[in-house]
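Got some structures for you, see below.
Heads up, the next two complexes both have chain A, just with different partners, chain B and then chain C.
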Partner chain A sequence: MKWFISHETIRSPFLKTLEKDCGEKISHCYQCGKCSAGCPISYQMDYLPNQIIRMVQLGMEEQVLSSKTIWLCASCLTCTSRCPRQINVAEIMDYLRRRAYTKHMTPPGEIEVPLFNKIFLRNIELHGRLFELGLIGMFNLLSGKFFKDVALAPRMFLKRKIGLFPHKINNSKEVKEIFKKSGKLGRARRDKLWQPKLLFLNLSRKLIERIERLK
Partner chain B sequence: MKYAYYPGCSLHSTAKEYDLSTREVAKALGIELIEIPDWICCGATPAHITMHLLSLALPVKNIIKARAMGSYEIVTCCAACFSRLKTANYFMRTDDEHRQKVEQIVGEPYKGEVKVRHFLDVLVNDFGLKNLKGNLVKELKGLKVACYYGCLLTRPPEITELDDLEDPHLIDDLMRTIGVEPVQWPYKTECCGASFSLTKTDIVLKLSCDILQMAYDEGAQAIVVACPLCQSNLDLRQSTINKKYKKDFNLPIFYFTQLIGLALGIDGKKLGLDKHIVPPAALLGEKDKLAKI
Partner chain C sequence: MKIGVFVCHCGTNIAATVDVEKAAKAALNLAKVKFSTTYKYMCSSPGQALIKDAIKEKGLDRIVVCACSPSLHEKTFRECLKESGINPYLLEIANIREHCSWVHRDRETATRKAIEIMKLAVTKVTHNRPLEKTHMPIEKRVLVIGGGISGIQSAIDISFAKFPVVIVEREASIGGRMARFDKTFPTLDCAACILTPKMVTVAQNKYVTLHTYAEIEEVTGHVGDFKVKIRKKARFVDTSKCTGCGACWNKCPAKVASEFDLGLCKRTAIYTPFPQAVPNIPVIDRENCLYLKSKKCGLCQKVCPFGAINYQMQDEIIEEKFGAIIVATGFTQFDHSVYGEYGYGKYRDVITGLHFERMANSSGPTGGKIIRPSDGKVARDVVFIQCVGSRDEQKGVSYCSRLCCMYTAKHALLLKEHNPDSQAYVFYIDIRAAGKNYEEFVKKVQNEYGAVYLRGRVSRIFEKGGKLIVRGADTLSGAQIEIKADLVVLAVGLIAQNDAAKLAQMLHIPYDQNNLFTEAHPKLAPVETITSGVFLTGACQSPKDIPDTVATASAASVKALGLLVQDQLEKEPLVARVDKNLCSGCQACIKACSFNAIETKEVEDRALKRKRTVAEVIEGVCSGCGNCTAVCRMSAIDLEGFSNRQIMEEIEVL
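== the complex of A and B ==
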């Protein structure tokens, strides 16, 4: 793909803010490509991890934040532990995801991961410990894949691997307090789970996908 | 030996057998594990992707709870919890700016002085392989397994400080001690897709299929793991993998504690061997008449 990189892009403060915020020296990267070679999910990515790093170096914030790659990173840390320049690539991916999420720049095809994260965290905030059934149910409902993994459910119940009710702990107030305070201190985006607009968008997207497959 | 035990959410639901077998093994060996009262979730992957401070505050809260018990070492079994607790500790030790913010959130000073250990580490380095050998009731001879460590036990090495980065050997050592033969295979630390189990199932199926295939090709009859997410991806999704990629895998996925438990003469049911989706009875029944499952 060819890009025209403008003077403003190269001079944008993106690289400097990123280096300051996550303490990683991205400018040290010399493009050896070891991160991409070891990445187990690179086969699905639109840009390879080393390309993302190069794009950050060139200040291409918009392209980086709207890429699929950052949402496909599984945080397996292979890149981080193999980087010869001691750059924590996985931490940079985390940072980019957080930034894309706060700036509402998630690509339309990659809604699952941010949605899952949101549901997961709300689940913990509510119960203190993860309530799997609630997580799976809520995720299926809000992502529009109602019957995903339903075939696996009976076995999970029979083996008593998944509970019908959330675990009870005595200090749920304490957990809520931690969420509230860290949200405030970190200036994180914390919006509601039930957004009719989002639900509608997801459902229509699923419908269009299905129609396209039928064609 | 006394430790504060942090089981984590998975060990109370999808990985119940890991919790059961850990407690049984610890009891049999005289290692005292006291569960941290009212522990909360460590935030796992979603927390560090969404809110950095939260991903440090949740583990620190748990560590502070353990400190209040008067115990200075926490033992955990879940690889993800282990990684999050260790990472939080590392930040509290080395990064003043983050430490001040986290202290403000949890409302207590903490400088990362509580040690976080994995149960593997405790068994091999505190209890000792020689000691373990002396406690064995029987050896599980004739069983060939692939020891699978996954991502978070060894990476990044400066934070986890557990084992060799690219060729870890703690589970292999334990297996050799109880008479099981570990195969040499290159996928010890490959990723199974872990947290994408629900969101990007296709990726998980492909990565897990590769792992199962490699283990099978190297002649393993089962895979031994130390992480609840690896186990559920390889075990629960094995039938889907067989269907999708037209394979015929029938590899039981054990936790290392379950096999040690068997070698210590503990009943299979107490170790949760009946909770596996791929039934291990045929394999163990052949090798070991005592395991009644």
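== the complex of A and C ==
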């Protein structure tokens, strides 16, 4: 990690807008590192959660929003529940994801995460509750990993973890109303689910794997 | 002569490694030993009762206790002997714990060694003489060196007990460093508001005598009877006539940089350091006064309505006697000109914390405005650098100065209050805010006043386009940082006064490699020194903030009062004695004595029928170190309790 920042970075409004938008006092963080210590995903992250917080404190917006970490966060809330300064780290990660998404700063390797989120929301909007098979099917189709986890399907089906048809809820109209009203989230629906870049990436990855296996 | 030997188990401390029963049995084989026994804890009440009973029943007259170091329980057992009616100095302690059981593993050899140690003690005790404690009178006055907050507090505390106190202050007014401060952390009381009432109390107190503009010239004597020479530097102003009206300093044409404001503004050659000075009587700076230099002005004398100016005044040396001395000489700032990377000397906008303090002060040189000293513009982006000189073994001192973290936080807060659109950047290594409400204060500065804390040292400061470019790093994010600053404030460390070593030598108190005075024990005697009657308070011992300084000042006063309330001083009789018949008067012992405890004396020599000079030990001063006995060529000096004969015999039985 090598960055060069100036006093303009530090005085940038990034920290203040973030604190205002999500109501979390990030400037309270004293970098004890307890969030990173307990994070189950940290081994996959490019920056540890505490480093993300520090970068936010110093106004390093570009570096934060293009990091993998914010997309890898599983929102398990271990960090939030353990923070001695009462900072909701998971909430901040969520905020950063939304900001990165609206600013189109998602790193190319992590496009699958927002895609999954979008399909999930679409799914909820249509059925009022999660239709697992639809979610899995759509995700596999749109991400180009067509046969991902297919072998698990019969067992999941027998254990009644997934069903063939969606379960409807009573007032699905109201859910749609909620989606309509929740501006930012509603926008996710209108965005195209079709991600040719991702599809190409995953298909070419698979091809390379095949070739390597042939060797 | 009947000697009793008492061997202590000390729980398992001794008994686990030394066969105590065997040692006790072996004792009975030694000459003159009539009784020996063991007990689990000899220092306990039943253990002491055992000794008392044995003395009564067996008629013992000398006692050897084989136990821990004499520094721990010698006093206990001496008292025990005294209660049984034997002279307490007919006791010897054989240290078989620290010197034997704790440092050995093999039981058999350890037991053998314990028996050897016991043998030495038994041999020594046979030559012990009954001794009586000596008593000396006490001069019931206290000298306080230094008129800062610690000296002031000490003087006030002692005056409560109605003992006379004399404060000697080098500068023209008392108040010290604290008088220069603007606010005090963590409560942000105005420093002058809490200090000046104390200064006035001291000035009005009938038990306190102030000698400002004075220095200690010489200290001789010892606890209860210190003779101190004080040089009262010539003020050139008659203190009995002057009313502090200010006519003189308003007219004085000579202007020089003010020491009190650290060169941020000018003062006149006749001046009082600050408006609330106590006493409010000016002094003439003889180096800069035009009249004293070239006899060409004399304006102040003309304008003084009371005729208080006297150019003929000379330094005056007074000699006074004191029973105890409290050293409250305080600290000075680390000179950071050694840091080329901070460019001090080159850049006028790189200042120290104390400069900042003066600027923030409403009676300071800028009238409370925080500005760039170079062009007078309001400081907006201000970088604070901590640990300048502290924790730097290469260029500074190895210790942490303890209060820079706090005063920097306070400065960041004051900056925001004075210049609301400013931004403070604090470069730190660790934030050490250990004190009541200190951590909360630092957090408040960060959270409510928006100070940005960056963890790392600054590598370079240079000037570009009228701004100071500060290059540093934030190790928490791994980022290199460049800040365009208007002002850089260095949190310089606290170091000993330049002449601390000289004063320490005068007072015979030890000082460390940093010239800070050394306390008698770092935990259990923090305000005492090994020279009895000399006490330490404040930052001359180690860097201290105001609460700690005041606490040590009160502690030192209590210690001094504890001395003064006694009618007479009790003194251990284990001192050196000169055999006048043997002494050749070579005076080697006088040079060897580090306590100035030996004097010369004329005696009538009957054989030669003329007078000759011999050495004489002042019992009150002698601490029984034995230096003189080692250098005496004639073996004329002997140390009570450790006589040459005793030591030789101990060696022989080994």
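To be clear about the criterion, the second predicted complex is superposed on the first by the 183 of 215 C-alpha atoms of A that agree within 3 Å, B and C clash if a C-alpha of one lies under 4 Å from a C-alpha of the other, contacts with A are read in each partner's own complex, and residues count from 1 in each chain.
The definition used in the following text is that a residue touches a chain if its C-beta (ideal position, glycine included) is under 8 Å from a C-beta of that chain, and two chains touch if they have at least 3 such contacts.
Only a predicted model underlies this, so the values are computations on that prediction, with no experimental measurement involved.
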Simultaneous placement of chain C and chain B on chain A, clash or fit: fit
Which superposed partner A:H7 touches (first chain B, second chain C, both, neither): second
Touched partner set for A:E174, first chain B, second chain C, both or neither: first
Which superposed partner A:A37 touches (first chain B, second chain C, both, neither): neither
Cα-centre angle that chain B and chain C span when viewed from chain A, reported as a multiple of 10 degrees: 90
Partner chain in contact with A:Q51 - chain B first, chain C second, else both or neither: second
Touched chain A residues, chain B compared with chain C: B
Touched partner set for A:L198, first chain B, second chain C, both or neither: neither
Partner chain in contact with A:M60 - chain B first, chain C second, else both or neither: second
Minimum C-alpha separation between chain B and chain C after superposing on chain A, in Å: 21
Interface residues of chain A shared between complexes with chain B and chain C: none
Chain B-touching residues of chain A, taken from the complex the two chains share: 23, 40-41, 44, 72, 74-78, 80-81, 88, 94, 97-98, 101, 112-118, 120-121, 124, 128-130, 132, 135-136, 139, 148-149, 152, 155-156, 159-163, 167, 169-171, 174-175, 178-179, 181-183, 185-186, 188
Residues of chain A that touch chain C when the two form their complex: 1-7, 10-11, 25, 27-28, 30-31, 50-51, 54-55, 57-58, 60
Chain A-facing residues of chain B, complex: 9-10, 12-16, 38-41, 43-54, 57-58, 61, 95, 101, 104-106, 151-152, 154-157, 165, 189-191, 193-196, 198-201, 203, 207, 236, 240, 274-277
Complex contacts: residues of chain C adjacent to chain A: 381, 423, 425, 443, 446-447, 450, 452, 454-455, 474, 476-485
